[in-house]
Structure formats: structure tokens, C-alpha cells
């Protein structure tokens, strides 16, 4: 119970189910005076939206943001900001079957066990990837706040799909990451990924992937060790995205095979300021930002919904049966997760920037007299 | 500010510095009626203690636990439990140099920047690995609580050091994981690891490693999605251990290269109960325990302290200089981190077991009349 | 920033403004399996609603509850429950004047100062008594939960209006407290109060009052000292109701003039159980419920909105001016606050009952198969 | 469980029992760079200390503060500050009787019921007034922080003992409030109070009292409505002091008998700034400071420990018996509570000043090079 609240100063409350009336979020703690409107949310929701490419689930959702509170005359007021997205294209027909015959890999079984069968099973309910609309709603606010006050910019992109990975990423690639449906900053690799996904869709299978995120211009000193360090809170937030099975920073798991003499980032002077020669630490040392870009990678398992028939248990008869997941589904989580990862990273950075005193409670001078 | 508190129901407050008077923890939220005394803490502290093998830093610390509150007549009382470990073998001589000339890889520089130079720099202060005494103190209580009430058992062990990794782990190996100084459950691999570390010590370098932890007998249903799921809170807690750069559950990063048809764990009936054929999810689906063992891996970067001279910046003169880390240091974090990872995992499980109502506020019947 | 969240286990998030789109609440932490629907909320909202008597502000609000999430097939699901009430009868015409010329007693001035003028000033915005719709929404859930699981019943009533006070309260009076518009359990005193209010309305003035609340059947042991004791958390919650200037339990301020020999409640045996001869402690000792009814009184200052012209400062010209509050307003907060106080007390008791392990995460057996 | 933590940014963790090893506190969230040492704590502890007047319990406690962490070279470091006070004059002889035969008015009975008899009953354990050492420890830090950064000054004093009350208080009286043992700012009234207490001690009875606290120089805008407003959080904190049964701000309960035309504080211009003609609101409107002094009153019930024999229940035999509280005890809580109330108010103001961005994470320039 009561696990739907994230953060301490820029606090995100998530609510809503996949096939209920809406998915939404309340953000408590946003400073007053940030220019903000529904278009700011919509831009990010559109990047997350299903049905925009052949590699995404074709659920037809307009996903329109409605701001319910906390914004007045085009600015945030300092009051809690509630935003909802109504669900429209809801067809819960198949899901009763999965309530009885849980789909392998899905949360159908644990959800039913945990909530005594009272859980809203339609469309996976609260365990659907659709709940990440909450992340994107709050993230759209965090992204704007970070850029407006501190010039921080957050990028995520598809680093790999299965074995197809991008290695070198250019700044241009980052800026144009949304120009292809797999959100890969390298157009040549992107083509390979698309081709691979098409084959996979044909076979009715799915594949894992890795999303990498980078945050530029993060000032030194953000993060509150030892328990509320940046890696601590970023990883917690990222694992709330359905399908994440691993999170690593900088050299990450590779650092477990490195020597200290190669891993240690040496400080150097660049443009009069102290920077580091390498960034194996991913911009975070001791839980605190060190002024280098923050680099984090997120491993997504393959989507659980595959067309290939799978064995499961019928919870009423306790017999082994076969379940076939109907409909078309994302063959890989990574591409659609890109804006969600950006949002999630931004939420944590905003929370910590406020905690560290870098963002005041009121932005700018007193708002023009109405 | 204020980042030294972990958890919501089994709450751990960490305090103390490496070369200050002590390191300690307050645990708020432990039920009344758990048999507990200083020996229960000491057992785990001894496993964490420096100086017990040639592969550990030789700092001579007795690391004696002193319970200050919350325990009466051999039982927990329901009041907050404060426990401290006094620092004894303190030699802060070298550290003033590192305050001016930050050691690469260490938090010397970010600590000074974040706290305006007011930070206690002696021995790394609050950024020393010694703060994990807090984890072990609280973990010793959590481990006992979980076993006492729910029969949950938590094991960690060194999975790899550099490229030397253990693959198959037997139950016997797990039980005897502390029988060799590298805490590897496979004695043959352990020998190789020891040999490798000896060579490394000669060269004055260090190496990364991976610790794996497993929790058995975790009931289904623990974990509060979407933000306070198990993976979310376990990863947050594990990243608070100095040196961690990655956390993954079950198949982890490997799952990013798997197909749904191989990844999805199929439910099966075993002994009248529903279990799963495989455990790629690491015992957690949708942030909730599914009744399978919880499996998590933690990547440790190599220790930053190496004898090899390194380039750094003198913060007073802003010139490039060379710094040489004095003394002997752990060549690899993983072995000494094994009891810390166990403790940390247990803390989160205890917190969530209480949240999910599995542990009552009073254990057992009314305590015998005094 | 970020002060709109109450509680630790039955968590209430409030949002919305007086003249914005809606006022609402998210409740995170309600167990699964509680029968609940919009009528359960509506019943309480109707008691709080304006315009239902000549002593209430005549704003014509239907105040219809809309459940957005967390309820499925007539039961709570364990997911966060979001409920909104749309604002309808909005006329913000006068309020721009008050933004420039703050009304004495109102929050107009502090709101503008705190939020740099970005605050939504329409209808008092976030500082309007209308935000207590959040309390009633969450309270309707808490009241049902407490009654359903523990048989706890919560009553509030108007104890005094100005100098007119009720002394003896019968159980019948409590049950029928909503049968007169001043919500006074003594019909004779109620008549006097009504008469007094009519005179006050004529003069365009307002008056203070006291609301008393009683909770029956609260089990012994609820409340977590020393900081999260019952008095601590109940008082905090009650002071969130606009207009509250004092909170006292049991003998309250009167106890400051009592001797220990009269104040101390002596334990006695009643029906085989330990009760107390008197209830000067108001059912709470050391922050913990002692099995007696919880008794708390709340002092409301007079409503700030009065028709009598008042002196204020024009914030643009910095001159003393006169402001006249337009429209009709409640002459006394107490009567309309009665359901709000009941809700608020219930919210805190629900939160603490869950914390103390008295309410399980799932209510009843597994819900009938759909 | 887990109710011993107060605040969100200046976080106070309380631990320790009356007759255990010590009472202490951890403060997490104090900025770096505040000059602070054990004398700063000691000064306030000495004001709280027992045995310093004939009206206080004669327990002979030196009450020496020991700083365990978070302070280095005379300044706070930004790390958690742990401070303990060892218990010395411990005689638990009588208390076993009270475990079986709970003293009326005391928490003996609820403590045993709540914690299943595992509670440390010696000296009242965790329910002793001695736990307010935690408040004073943290308060000494908060008082210094508020004064150092914002010039805020906090005063409390005995407003009344029984029916003997002080009405007018001069600034000189405030400054010299500790010059008499009853901590009353009017020396004439103080004499009457002392005389009254002497008679009461003779009769073996006790009396209630009221403490008033005032905070000067609190900037406008502090307090986060609607749940974390100043009145909300101050009242919560004050009710954590054993013996408090009521809290009121400004006109408080008296405002329930006032008309709006008299209650509303009219804004005026004083010295170029907006102030208010009266202060019925006690410096807080809508949960937010309005720039006037914060005024709060706390009602203390009479101490439960009286020499007069009282009836109680023997919990082993379930028979009515008589209990006689041994030893000498405070005849009135108010005088000794004065420094505790000051500390508690300061703690909440410090927490909120940090939340509102008025106190930076580092105070002053970089600390002189060591």
C-alpha cells in the first residue's frame, strides 16, 4: 500500500489504470512562476504515444493532457499540479482470460495474489506500461524547469535492441534521436534495428533493449548521500518503468572488470574549471554530481506479450494450459521508453536540484499585475 | 541535506564519519519482542571488519557494537534502536594532502565542493566505505527479524573479481561462502581470485568485482508499485554502498539481448504451489515478489585507492600535480562488501514485509513478567 | 513547496483551487476489497456543500464526486484512488480587487507574497475553504474503512457558537447532529444559535465557534510516539482546515488549571476490560489511544469575510484604503466544518490503524470471480 | 512503529530511554558551516536539567552533551549530527511496581499494552519527560541556525500555573525569563507562583500550566499549506512534549467567541513595510507566516506523579489496588518545559525556513583552509 509517491521536494503522485477512466499525476512542489501549459505536456506525450509506428502497439489513443490544477494565466502557481490523460481506446475483452490464466512474464499473477483478486485486471490495470503516462506528465514539467532555471538538458536514446547496438553517438544524433521510430541516434544502426524488429513481428516474438540517458550541464554538488545520492534515487525511479531489469552508471558493469588505474577519472582543468579526463563514473561520485554529464543505462527485458503460444496455469482449475496473447504489441520496449526515461531522469534531477537549493520557490520577479 | 534516512517502516538513520568518534545507526520501526543483543550485531560486523585477511585494508579496528537504546532484557522494545561502533585506529595524517589534491576516483573533490570545504575530510569522512557499518548494524537486525518471523534467508557472495567469475553455485557453497577470504562459494575459483589479487597488490593496482545476492522464502506479494516496488527500493539501497556502479535483477542486462519467448518465466505447479520454471525475473515481477528467490547482482568499480601515482589538480594552486595514495587498501571491494550487500537487501525486505502487513508490531505473546 | 500530502500509510494528496477546474484528492494506501462507490463520497460532500441553509454561503455548487481511479466493480483495488469535484458556480469578478487590496483576516496578502504574485487569486484559490473538499473525499473513504474493519465511529458537532455552548450531549443528539443547520446535538441550544446567527447576518458580521469530535471504539495502542503520536498527527491534520486557531484533547486548556489529583484518570474494570473512570486525557495517553473515546475540540476563528467595510492597504499604491467584501458568506465556520472535522479525524485514525497493523492490505476473502 | 522522526529538511531523530544508557538525537539536514560545539547544546540542556530548583524533580543528572558526529573543527559539516546525553542518576527500583500497577495519568498501561510488555518500563522508559532531551539537543542547533542566518529569536515563558497568570509581558521580562525558577517574565507573578507551588508540594499534589512562545523576525512566507502549514507542523511538534493537552495560536480558543470585525488583523504600513494592527492570527495566516511575531500557547496538564495515594488496577490480579508514587517530582511541568517549547518551535521554524529556500546548504564562504 501507498507506494505511488516519488520524491521529496518535487513530488510525483501517480494514479490511474490502463483501461480505467484515465492515467494521471499530481506534482507537488513545483516552484511558482514557470511558464507551462498543456502543449508542454502534449509534446512529450506524443513521443510516448502508441500507434505512431509499425513497431508500436496500435492502440489508438489521442492521449490528450488536461491540466486540472496548479497552473494559472500560463504560469505554475506553486500549488499542486494535477494532470490527467483520459483513456479512450479501451477493449478489455481478452483480459478476463488472463486473470484466470496469467500471461507468462506479465504481472497478472502477482497482481491477483497481492490484491486478493480485487485488482483492476483490465489491460493489466495498474501494471500496464500505460502508467508511465504519469512519468511523462511529471517529466514534461521537470524537463522545462531544469532547462529554464539551470540550463540542464536531458537526452535518452535507444542504445541497443538485442545484439544491435550503437557505439558512437554524435551531438547531432542526440538532437535528432526522435527522427526515426526506433529512437536511435545513428541512422545506419537505426535501419538495422527496424529490419530486425520487422522480422521479429513476423515471428510473433519480442526482444530486449538498452536505453541510455545523458544529462548535460548538471552543476556539481547535487545528490544527498548516503541514502539519497543521485545514483540511488535515479535507479529507484528508473526501475519503476515496467520492464527494467538493470541500471548502470558510467562504466557500469564493465567497471567490475576494470583496474583502478584505468577506471579512476583524473581531474583536469578545462576552460578554467575542473573537469575530468574520462567519465567512467558517469558524472556521479559518492552519490554527488561532479560536473560531468550524467550517464545512465537502462536494460529492458523483452515485452512479455508475444503472439507465440505459451504454457501457463489456470488459476481456477490449477491445470497447465496454453495462453495466447491477442492483439499486436510493442516488439521492443526501448524505443517507446526513450521519452519515459528522459522524463524519469529529469524528475529526479529536479527533485535534487530543489533539495540542494538551486531552484528557488518563485521563479523570476513578481508576475505582471493581472 | 537530509539524505541519511532509508525506508518507511523499518527506517534506518545513518551517522558518523571514518575518523570521527564513531559510526552508527538508529533503526526506527523494529517490532517489539525480537530477541536481540550485541552479539547479534557483532557477528556481522566481524565479517565486514578490516584487517582480517591480506586482501583487506589492514586498519586495526576492533569494531565493537554498543547498543545505546531500544533493547531491554534481551528483547527489542519497539523503541528506536541506536547502535554505535567507536573508531579506534585513526590516523588522519595523509588526508589533509588529499583535501588539497583530491585523489582520482574518490569523492574528495565533490565533497569539498558540495559542503564548501566544511566536510570532515579525515579518512574520507562521510564518503568512506566505513559508513557501511550503518548498513551492517541495521542489517543484523533485519536479517534476524526476517528469519525469525518469515523464515527468509539472505545470502550474498563474490560472483566475480575482474574476469574471474563463478558460474554454478551450490547450496553448500552458499552456506560456506565466508570460509575463504574472497567470499566465493566455489573454492576452486576462490583460489584463482586470491592468486589474482596477490599479483594486483604487488603492482599496487585494484580491480572491480560483482557481488550476487539471493533471498530465499520471500512470500509472494511484497513490494508496492509503482514507485516503491522491490527492485526500485533494493536498487536505491544498494547504490548507497560506496563503489556500486550497476544493479541488475534476474537476467538483468542479459535480458536486453533475449527474446520474449526465452525470457518469460512460465508458471508451473510444484508441491501444490505455483512456482516458475525459470527465474529470469529474479523473483520480482511488476515490482512485486512472485515467490521465487530474489536474485540481484551488484557491480563494484575498482577501489579508487591505488599505490600507483596518479595525476590530479592542486585545488589551491590550480596546477596539475601527482598524488600518491599512502597506506595499504582493499584491492577489490567485492569480498568485504558481501556482508554489506546481505545487510542492505535484508533491510529493504524487512521494510517491505512490515509495509505489507507480514510482520506484526509485537512478536510473540506478552514477554514473561520481569 | 510540496506540502499537500498527509499521512504515511493512508496518504492523502490534495489538489485544486476554489475557482479552477476542480478540487480533488488522491488517496494512496487504501486496502483492496473495501466496498466503495461515488455515493459513499457524495453523502459526505452533501453535508459539506454550500447553499443548503441560510447560514451558509449561497454558492450554488452541485459538488458531484467523480472517481477517476482505484475502484473497480464496486471495490477498492489497492491502487491509488483519485476523486475530483468539478467547480461550477464560479464568479471571480471581485477577487482581482482583493489581489490588490487584501481582505483583512484572509490569506490574500501572504499568498501573493509567498508565491510572488503567481498564485491563483480567484476565489481565494488554494487558500479557500473549498479545498476541504479534499478532506471530505478522503474522509469518506476513511470513515467507511474504520467502520468496516474496526467498528470505529466518528462524530463531530458544533459545541459552541460565540458564547452559546452545548454542555451535555446525548447519544441520540450525536446521531441526529445533522438534523439542524447548525449541527448542534441539542435542539434547544441549536435554536439559540440559529437566532444569534440571523442577527449577525443582519449586521454583516461573523462569529467564531468550537467543534468537538468524538471517536468511539478506537482500540488501545494506536499512535506512534514520540513524534507520530495521535495528538500530534490529529492536531496537525485539524490545523489544515482553514480557520482553526486551537486544538485541545480531553480536558485540554482546562487541565492547565487542574490538580493532578483531579486530572488523573483512574483505571477501573468494566465488563471484564480495563477502562477509565474519567476521560480527562481524551482517550490518548503518551500519544497512544487508551481504549476510551477520543475527544478533541477545535476552535474556529470567525470567518474573515464580513460585509462591514474594513481598512486595508492597496498593494500597488501602498495607501490605506477601505475594502468591502462582496457577496454573502458563512457567518460561522463551525456548522459547515462539522463533516470536515469528522473526515479529518477519520483520516488520521485510518492512517494509524494501518501503521499499527490493525487493517490488512486486503479486506475479506478473494473477491468473487468476475 | 517508526514514529521517532520529525521534519522533512531539518530532520530530528529521537532515541533513548529514561533509565537506559542515554537519550539522544540525530539531526539530518543541518547546513554545513554553522559554528557549533558542545557548549551550544549544554547551555540549553542546563536550562532543562532537573534538580536545579526546589520545584523540579531532584534527580541528579549532570546531563552532559556528547557530540558523536557531524561537527568538525568547530563547524557543522553537512553530515548528520548525532548527540547523546548519558543517564547517570538511575534508580529503577520502584518502577517494576508500576509495570504491574500502572500509575493513573501515566503511560504505564498503554505502553505495556501497545508493546506487549516488552517496553522498557524503567523510569517510564520512552514515555518519560526525559526524552525531551532530544528536543533540546536538536533545538539548540535550530536556535543557533535561525539566529545566525535569519536573525529569528525564539522565547518561551510560563504564562500561567493553575489560576495564576501573567498578562502583560515586557521585552525585558522576556530576556530575563530564566532569572526565576518558574520562568515567568513578571517577577511579582513569579513570586506568587513559587508560593503556590510550595503549598502544593506540601500537599503532594500537582498543577497544570500554560507556556507561551513567541518567535520574532520570522520572514513572511514560511509554511507550506495545506497540510504542512506552520500551525500544522508546530502543533504536531509541540504535542510530542509529554503532558501537552492543547495548542493555540494568536487569539486561539478565545477567537471562537470573537466577531470577525474584532478578530481580523488589519494591515498597516510601519517603517515602509506592511505589518498588522493586531496579531490575533498569531503571525500565521493560511498556514503561512505573515511577518508578525508567531505566538503560540501550550496547555500542560498537571504532572501525573503525585504523592497522594491513588486507586489503580493490578494487571496480574485484575483487582483494584492503591498505588503510591515514590520520590519527589515536578509539581508543575510548565517551568521546566520552557526551554523545551523554545527548542521545539525553533526546530519547526528551521525545517520550514530550509524548505522555503531561506537557508542555503552551505553557510558563509569556504571555510578557512585547514
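Every chain is named by a letter (A, B, C and D) in the order it is written, and numbering of its residues begins at 1.
What we mean here is this: a contact is a pair of C-beta atoms (placed from the backbone, for glycine too) under 8 Å apart; a residue touches a chain by one contact, two chains touch by 3 or more.
Not measured: the values here are computed from a predicted model.
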item: Fewest touching-chain hops separating chain B from chain D; value: 1
item: Same-site or different-site touching of chain B by its copy chain C, using the half cut; value: same
item: Inter-centroid spacing, chain C versus chain A (mean Cα positions, whole Å); value: 38
item: Cα-centroid distance, chain A relative to chain D, in whole angstrom; value: 45
item: Mean-CA-position distance for chain B and chain A (Å); value: 27
item: Set of chain B residues in contact with two or more other chains; value: 1-5, 8-9, 14, 114, 126, 221, 355-356, 361
item: Residues of chain A that touch chain C when the two form their complex; value: 1-5, 8-11, 13-17, 20-24, 26, 28-33, 67-70, 72, 75-82, 84, 96, 99-100, 114-122, 125-126, 316, 354, 361-367, 369-370
item: Chain A residues touching chain B - in the complex, by the definition given at the top; value: 1-6, 12, 14, 102, 104-107, 109-111, 113-114, 126-127, 131, 134, 160, 162-163, 200, 205-210, 220-221, 223-229, 231-233, 235-237, 239-240, 242, 244-253, 255-261, 263-269, 274, 280-282, 285-290, 299-306, 308, 310-313, 318, 320, 355-356
item: Interface residues, chain D side, partner chain A - complex; value: 8-9, 355-357, 360-361
